[in-house]
Amino acid sequence: MVDVSAKEVTRRRAVARAFVRMSAATAAAVAAGDAPKGDVLGVARIAGIQAAKQTGALIPLCHPLGLDHVDVRAELADGGVAIEAEASVEGRTGVEMEAMVAASVAALTIYDMVKGIERGVAIESVELVAKSGGRSGDWQRGAQ
Amino acid sequence: MVDVSAKEVTRRRAVARAFVRMSAATAAAVAAGDAPKGDVLGVARIAGIQAAKQTGALIPLCHPLGLDHVDVRAELADGGVAIEAEASVEGRTGVEMEAMVAASVAALTIYDMVKGIERGVAIESVELVAKSGGRSGDWQRGAQ
Amino acid sequence: MVDVSAKEVTRRRAVARAFVRMSAATAAAVAAGDAPKGDVLGVARIAGIQAAKQTGALIPLCHPLGLDHVDVRAELADGGVAIEAEASVEGRTGVEMEAMVAASVAALTIYDMVKGIERGVAIESVELVAKSGGRSGDWQRGAQ
Amino acid sequence: MVDVSAKEVTRRRAVARAFVRMSAATAAAVAAGDAPKGDVLGVARIAGIQAAKQTGALIPLCHPLGLDHVDVRAELADGGVAIEAEASVEGRTGVEMEAMVAASVAALTIYDMVKGIERGVAIESVELVAKSGGRSGDWQRGAQ
Amino acid sequence: MVDVSAKEVTRRRAVARAFVRMSAATAAAVAAGDAPKGDVLGVARIAGIQAAKQTGALIPLCHPLGLDHVDVRAELADGGVAIEAEASVEGRTGVEMEAMVAASVAALTIYDMVKGIERGVAIESVELVAKSGGRSGDWQRGAQ
Amino acid sequence: MVDVSAKEVTRRRAVARAFVRMSAATAAAVAAGDAPKGDVLGVARIAGIQAAKQTGALIPLCHPLGLDHVDVRAELADGGVAIEAEASVEGRTGVEMEAMVAASVAALTIYDMVKGIERGVAIESVELVAKSGGRSGDWQRGAQ
C-alpha cells in the first residue's frame, strides 16, 4: 500500500460508469418491473452504494477510508442499462476505486437479476469518467 | 431471493472472463513488474479469489454458498490483460455470480495497480463464458 | 457454540416480525416516496435480506450456514411499518436468528431513512413468529 | 447516501436502548450464568460493540465512519434485560445508527442465548434516547 | 484454491493452541479482572469463535465452509495465558485453519486487552495440535 | 472500548514481527515456488495487508480507523520465514493491533500454504517491535 502520510488532505471526487448490454426484451422486462427477482434498477443502486463502502476490503492495496458521499444512478439506455457512480471524501487519497467498485457491483447485480431470462447479458465497460482533487489534479476521460 | 429448497443438489460450474484494456507501455510495465504497486497479475488473482467468497455479501439476491473451487487466471494479451475465472460447487444454486465477481474484482485490482501510470485504462468487458449443472443445464457463450 | 455434529440434517424454516412505530405524517411520507433518503420499504427489504446472510458474523454463537431462501416484506400498517422476514435451509441448526436479524436490520433501515423527519420513531418489537424443523419441532407464537 | 461534504466536523454522540422481555425463570438463568450458551450479558455486550463497527455495512445509506467510543451495558431489570448503547465520534455525520445497531445486536444476541430455554422471548423496543452534535442540535426522547 | 470437488465428505476436526507470555503482574491483573479493558479471557474466547467464522475471508486460498462446532478455551497458565481452539465440520476440506485462526485471534485479543499495562507481552506460539478426518487421516503433534 | 475523544490526533506508527518455523525442505519449496498452493510469500503479504484493514472487525475492543500505510514483508530466514509488518495513521489511537494482525495473518497464510507438505510447521512468535506517537510515546522491544 502506498504510504499517503505525507499527502495533503483535500476534497476528492470521482465518477465512474458501466454499461450492461441486454436484448430489447430483457430491457423491457427491467422497465416493466417484470424481471424474475424484482426491482432491478433499485436493487442495483443499493448494491453499488454498499459495495463502495467495502472497497478497502475488496481491492488489496486500497486504503480504507471514510466517504462523505456515494451515489449510483442506473437507467435504461439504448441497448441496455447505463450506470453512473460517484464518490467523494476529504482525505489523503482518491476515491476512484470507490466509484469503480460501485459501478461494477451495480452492473453485476443487474446481471444477477436478469440472467434468468437472458444468460448472455454482458457488462460492456467499467471505466473512470472524471476525478478531481489530490496532487495529480483533475482528470476527465477524453480530455487529455 | 429465489427459494431453492426444492432444487436438486448437483455439481455446478461456471466460467467468466474480463478484459482490461491498456496502452502498450502500461502492459510492458505490468510484464516487467514495474507497476508502482508491485506484482499486478499475482495480486489481481488473489483479489479475485477472495472476492468470489464474498459474492453472497456483495450481490443482494445471491444465495450464500460454499465453494469447492475458485481459480482466477490473469495474463497479458494483445491490448491489455485477459482474465478468466472459474468456480464450482455441489449445491442447489449456480455459481455464475461467483465467477463474474471474481473476474470483475481481479479486473478492478488491475486497474487500481496501474491507474497511477495510465488513468484511462478501462475494463472492456465482464461476461459469462459457460456454465454447467442445474435444471437449466449447460450454456456456452456463442453456442445458442 | 453448541456442537451440532450429531444433529440431523432437516429442512428448517423460521419467520420473525418487527414493527416500526411512526407518526401518520411520517408514514404518509413513506407511502408517497417522499422520505429524504428515497424508497424506504424497498431499501429496507434489501437490507434485511443482506443482513440475514451476515447472521453468523453478527451473533457470536450462531453457526455460519448457507440459506436456501430469505425473504423480507415491509408494508405500511396502522401506526407504522410492519415487517415480516422468513428464512429456510436444509441443515443441522435452525434459522431463527437469520429471520430475527433480517427483521431487525430492515427495521433499523427504516429508522435510518425516516429519522431526518421524525427522530422519535421507535422499533416497537422484534420477535419470532414461528419455526419448524429440527429436534425441538414446530413452534408458533401464542400456540403453546 | 446524503452528501455530507459541506457539513461541519463536530463532536457527535448518541445513546439508544433496547429491552428484551423474558420470564422470571429465564432471567434467573441469565443471572445465575445457567443459560445454555454461557455468559449472556458479557457476550451480548461484545456483540453490540462489534456490530456498531459494522453499521456502515449493514445499513445501506449510512456513511462509513470511524468511532471514538462505543459502549454497551446490559443488565437484568424488571421483566427482562435492559440494554443501553452509546457511540461518539468527531465527524460530519451523526452516530444514531451506530448506537441503534449496537443496542439491536446486543438484544438479538441475548435472544440467541436464551431461546433454547424460552423461545417466546421478545425484543420489546429499540429506540434512540438522546443525541447531540451536528446542525440539528441536541435531542432527547420525551423532551420535545 | 485447491479443487476439492472430488474429495469425500467426512467428519473433520482440528485443534490448535497458542500461548501469550506476560509478566506475573499482568497475569494477576487478568486473573483479578483488573485489566483496563475488562474480562480478558471472556472477550478473547468470543473473538476467537467469531474469527473462526471469518477464516475463508482472511486466508486467501482457504475454502469458505460451514462449521458444526467451534470452541475456544483461554486460561491462565504458568507464565501467561494458554489458548486452545477446536473446530469441526462435515465437509470436503479440513478445519485446521479455522482452529489456527481462532487461536491466533484469541491471542491477539488478549494482547490488545493487556498492552496498556505491559506493551512487551508476546504471542509465543500458534500451532496445530491435532487433526482428524479426510484423506490424509489423523495427525497429532509429536506423534510422527 | 476506551473513549479516545479527548486524545490528541498525532501521527502513529507501529511495527510487529512474526516467525514461522519450518524444515529446510519446506523452506526450499517456498524458495523455489514449489509449494502446492503457489507463491507463498507474495500471497502472505497480500493477506497480511488485507487483514490489517479488518482489525476493527476482528479485535472486539479495537477502534475502527483509517490507515495511511500498511506494509508486510515476508522473507526466508534461518529456520523458516520472518515476517515484518508496519502500519501508520494520523489519529487518536495507535496502530499496534493493525501491525500485529497483519503479521499474524501473514503467518497463518504461510502455514496454510505449506501445511500440505509439513503439517507440523508452527508460528513461533508474534510480537510488537516498536511503536511511536500518542500520549504513551515511543516504545521499542528490548529498550526499556
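Per-chain residue numbering starts at 1, and chain names A, B, C, D, E and F are given in the order in which the chains are listed.
Please note the rule applied: contacts are C-beta pairs under 8 Å (C-beta built on N, C-alpha and C of every residue); 3 or more make two chains touch, one makes a residue touch a chain.
Bear in mind the structure is a predicted one, so any value in this text is a computation, not a measurement.
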| item | value |
| --- | --- |
| Both-way neighbours, i.e. chains that touch chain E and touch chain D | C, F |
| Chain at maximum distance from chain A, centres defined as averaged CA atoms | E |
| Centroid comparison with chain D (C-alpha atoms), farthest chain | B |
| Distance from the mean Cα position of chain C to that of chain B, given in whole angstrom | 32 |
| Approximate Å spacing (C-alpha centroids) for the pair chain B, chain F | 28 |
| Averaged-CA centre spacing for the pair chain D and chain C, given as whole angstrom | 17 |
| Multi-partner residues of chain C (each touching 2 or more other chains) | 1-2, 43, 46-47, 50, 54, 57, 60-61, 66 |
| Touch relationships between chains, expressed as pairs | A-B, A-C, A-D, A-F, B-C, B-E, B-F, C-D, C-E, D-E, D-F, E-F |
| In the complex, chain F residues that touch chain A | 11, 46, 49-50, 53-54, 66-71, 88, 90 |
| Residues of chain D that touch chain C when the two form their complex | 1-2, 36-38, 43, 46-47, 50-51, 54, 57-62, 96-97, 100-101, 104-105, 107-109, 111-113, 115, 119-120, 122-128, 131, 136, 139, 141, 144 |
| Residues of chain C defined as touching chain E within the complex | 1-5, 56-57, 60-61, 63-66, 91-92 |
| Chain F-facing residues of chain B, complex | 39, 42-43, 46-47, 50 |
